[in-house]
């Protein structure tokens, strides 16, 4: 099918397999070398890839700036953590169960707020995040402000803490690959075309026969599933979950920054953005001269990207390396 | 449930609500004129606090001189923020301006954290208190309300009575039409950003005379400002002031009947609901 | 592939062990100790104090020629640390790095319960011993860890002592309000205080949490005033505690006894002036409380390390400020680790773990003994809290130790 | 010929302002029907009522015998009513091909992406935009954008095409080309209802002309009939420019 599709443009370009292969090879490094600190670093990077790729579906493709997107990460984390602790189910089952609250919120709350446009939608997502966080801080069945934490013996069920951490890592990598694949498929589907039409002109989209309400909710759900799975893996590995770390507004904005840094509305953008962001962060934090000014430097760089390189790193690469144009989507 | 706290809490809430309203006015003025949701609002409020600290503890002067200075510094800072970070992307999609102002947020927070640390600070202002029965009203609160109302009044006089103010309003109403009338819209946008920032910093300065704070304290007031601004109608300064009173009252009164930690849940739920039911705000016109 | 990897790991481990084995006889060696510091974020201030304590310990040990083991090995401590930005997720990545890349021998903790919880999971995963300072959370130490050792008196005892103290001061106190910051640590403390108060016949007339970062306490204080309790217990951390105390004073709430967590022992608490008067707070350590060989003998513990006065002088010289309990916590964490390594005679984890389990130590920080029960392994069992109260002293205020009676510098006074 | 679209007593009002007042007319299947009238006569409002943007206060709109009043726009589009707007609104950041593909994929035929692209390519060929296919739609000039607007509507495979002043702003040469395009569309069996100010074009193309004035229907008939209708002439005399055009552009 790909070949026919691209038949209109020329040669088929195996962009997705190449991107997935690169991510998979990098993700496999710590497993092959057995380097746990590399594993920890890459876990974080894959998490950022997942969050940014997901938020890009609703923000990049559909044009709805979701400020509180991390709410799905937190809900997935809480759902999974609670399932493991109270229902005593295996992590994989719990991760699947954690998707339920995220999807419910995406459908019910998302369905309502997606009627809003522009800044109104962005502010509403912020409100949802803060409301959820405040609620969970008071919701005693989920531990309230203290949150939930595992007894260390839980990890024995997974062959010890180390192999549990490895399992969480592999799971995280698969979620990231899944998110990238989903993003690609959406981008190249009729559904994706509908999303981009809505982004460009919602009123025109309706006249053209697109049902914006249903289409947007579907996009919101897709963009909620992967963060939820990532939340399950993250908090399983962490061993603790509390409202502050589950519903962190900064992380929400971080993923939008990554999207813009890499190239909004592209498949590869969030991946490249996450890698660049993590590299930069690591560089700033380990450099003693810059460490104390790391936030300032990050702010200046973000401003430069926003003001002067609006198409992000993907755009920069495309304009510098003409041969990459066909390859980098 | 003890309702004895109802009256004092309602009064406290209304007084503080005036200052919340002032901060929110800054945010809503900027949005109304430039269509930019200013994510540097929180750090700007915190900057206002530190101006008072510098004047009172640093220079040993009357803290209220600091409040005045905060307004002046705010005007200048706002214009600088507009010129450096916003002007170039003023017509871009909202994500771009959101991230541009967020970058300013990072720059201010990063620099301030390094230079000033996140240690808690306090400016000791003792103006006594008015007491009647179980109601205690702190002098600092009363003065803050007076200043907040005066600042709001000054803004209105400027917007409705002066030529410059009318130009700002024209740009807010229709940028293209205003330009046809010969108004330099960029200058008005920069001015609006300056005024908005001045209001936010004044509010921060007043908060510093009442509560302890640190570099990161603006965050709480920023999210509160969002709630208020939506309540009063995005872009509507009167709405923001009234919204501030409503939120102040809501915080004070609901805390009497439910545990205080549930107040934010109510606050944000109301926020989302209002967006859904009346996105133009309770005071705004219907779509 | 996994099989291969494990084989490789085992082979590597054998090689490392062999290398160690061949070099154990004598000579100076580096003892790598890793931890994270919060150079930015919410824990910045207190973390800095703790790190100063750790550094002072390491410097003093190095100056004294290192830790000398029975077999003649001399260990010179080398500190490895990173900025955790006060964020739990960064902590996990950084502790993994400390263990695997920097190959540290032992771990010390970051500051605050939340960060310690995250770090402990990684330490435990890798079987690394971690001595924690700056964390008093009970729950962390009830998760079945085997390699984590807690120096601080657990949070559940923070306010129970205050209740004893309050009743000793004034047995007519009948009603109390418990109000605490809605974070993990303070909520845990308050949860433990409530049943204890009720067991003492007190009525809890108000029990609420407030949001971290609250600056406007008017609604809560109005509510307290309306409930008119005899005493108020609670608080959270420094900033909210200070602001809360000021609001209680401004609103003239007539409670006879007010005890707050964390804030009162900080010297800068008195910046709120008369509002600080009469406020009581639990402290892990106070300069005026004398721990020495005599008190050690009385408690059946071994005395170890420098005298309190010597430490205070050294700290003053090094940093130009008086140490707070956070500083001493960091210093003592090093001290306890040092003693355990000496007792074990090696840096082998199993041996040091055994030594820590057997420890009954008195240092300038007070007594230290760890639970060996499998459910609460590593939890602090012997360290005593003291309670300070801000009292009038001439024109200003002074913080006095008021409890326990044996170590007090002044008797407790009712508030106002 | 049977009526594909029938308006029966349609009234559209905004508050107290009646924009379309009790309008009744038919559009026969396979025909080209012109909708004319002076500025503000309510022509675009009729279009907006037909494709569900406005809901009439009273009356019914029958499409293929089925009342479509109250249906959401997207459903009406899928029934086979496509619209080319007066003010062109291309999806600026999408390519020309993608713009037209949207029409093909979400219109009446609701094609899959591959078939949709193929059809879009065909329509672009037909409308002379094939060489612009991969360009972003925002980069087209006005005439090209008009064509794109029409291409997008046509690609939907509609039964009824609502063409709103598609010829406005084009030079005579471009108008000439566009008339050819209309002929092609009609030949493909698409019924067309067009709003047009260019009288010559309307009179030349239309089988029937419907005239509105101040929201009311004042004449229906063949081009020759309406041009001779005194009510029409009077209505246009209120608008000197239009009257001039009406009289000058005798076919």
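The chains carry the letters A, B, C and D, assigned in the order they are written, with residues numbered from 1 in each.
The rule we apply is simple: a contact is a pair of C-beta atoms (placed from the backbone, for glycine too) under 8 Å apart; a residue touches a chain by one contact, two chains touch by 3 or more.
No experiment lies behind these values; they were computed from the predicted model shown.
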Connected chain clusters in the absence of chain A: B, C | D
item	value
Greatest separation from chain D - chain, by CA centre	C
Interface with the most contact pairs, given as the two chains involved	A-B
Centroid distance [mean C-alpha coordinates] between chain C and chain B, Å	39
Cα-centroid distance, chain A relative to chain D, in whole angstrom	44
Centroid distance [mean C-alpha coordinates] between chain C and chain A, Å	37
Geometric centre distance via CA averages, chain D-chain C, whole Å	77
Contacts with two or more other chains, residues of chain B listed in rising order	113, 259, 261, 264
Residues of chain C whose C-beta touches two or more other chains	40, 182, 209, 211
Shared interface positions of chain D, touching two or more other chains	none
Interchain pairs in contact, sorted by label	A-B, A-C, A-D, B-C
Sites on chain C touched by chain A in the complex	1, 5, 8-9, 39-40, 82-83, 87-89, 92-93, 96-97, 99-101, 114, 117-118, 121, 124-126, 139-140, 142-145, 182-184, 187-188, 209, 211-212
Touch list for chain C against partner chain B, complex	40-42, 44-45, 182, 208-211, 213-216, 218-220, 222-223, 225-227, 238-239, 242-243, 246, 250-252, 271-273
Chain D residues within the chain A interface of the complex	51, 53, 72-74, 77-78, 82-83, 85, 89, 91-94, 97-98, 101-103, 105-108, 110, 112-114, 116-118, 121, 134, 152, 156
List of chain A residues in touch with chain B within their complex	59, 63, 65, 67, 109, 112-113, 115-116, 118-120, 122-124, 126-128, 130-131, 134-135, 137-138, 145, 253, 256-257, 260, 264, 292-300, 302-303, 306-307, 310
Chain A - residues contacting chain C, complex	31-32, 34-37, 39-41, 43-44, 134, 137-138, 144-147, 149-153, 155, 161-162, 165, 234, 237-240, 242, 244-245, 285-286, 291-292, 295
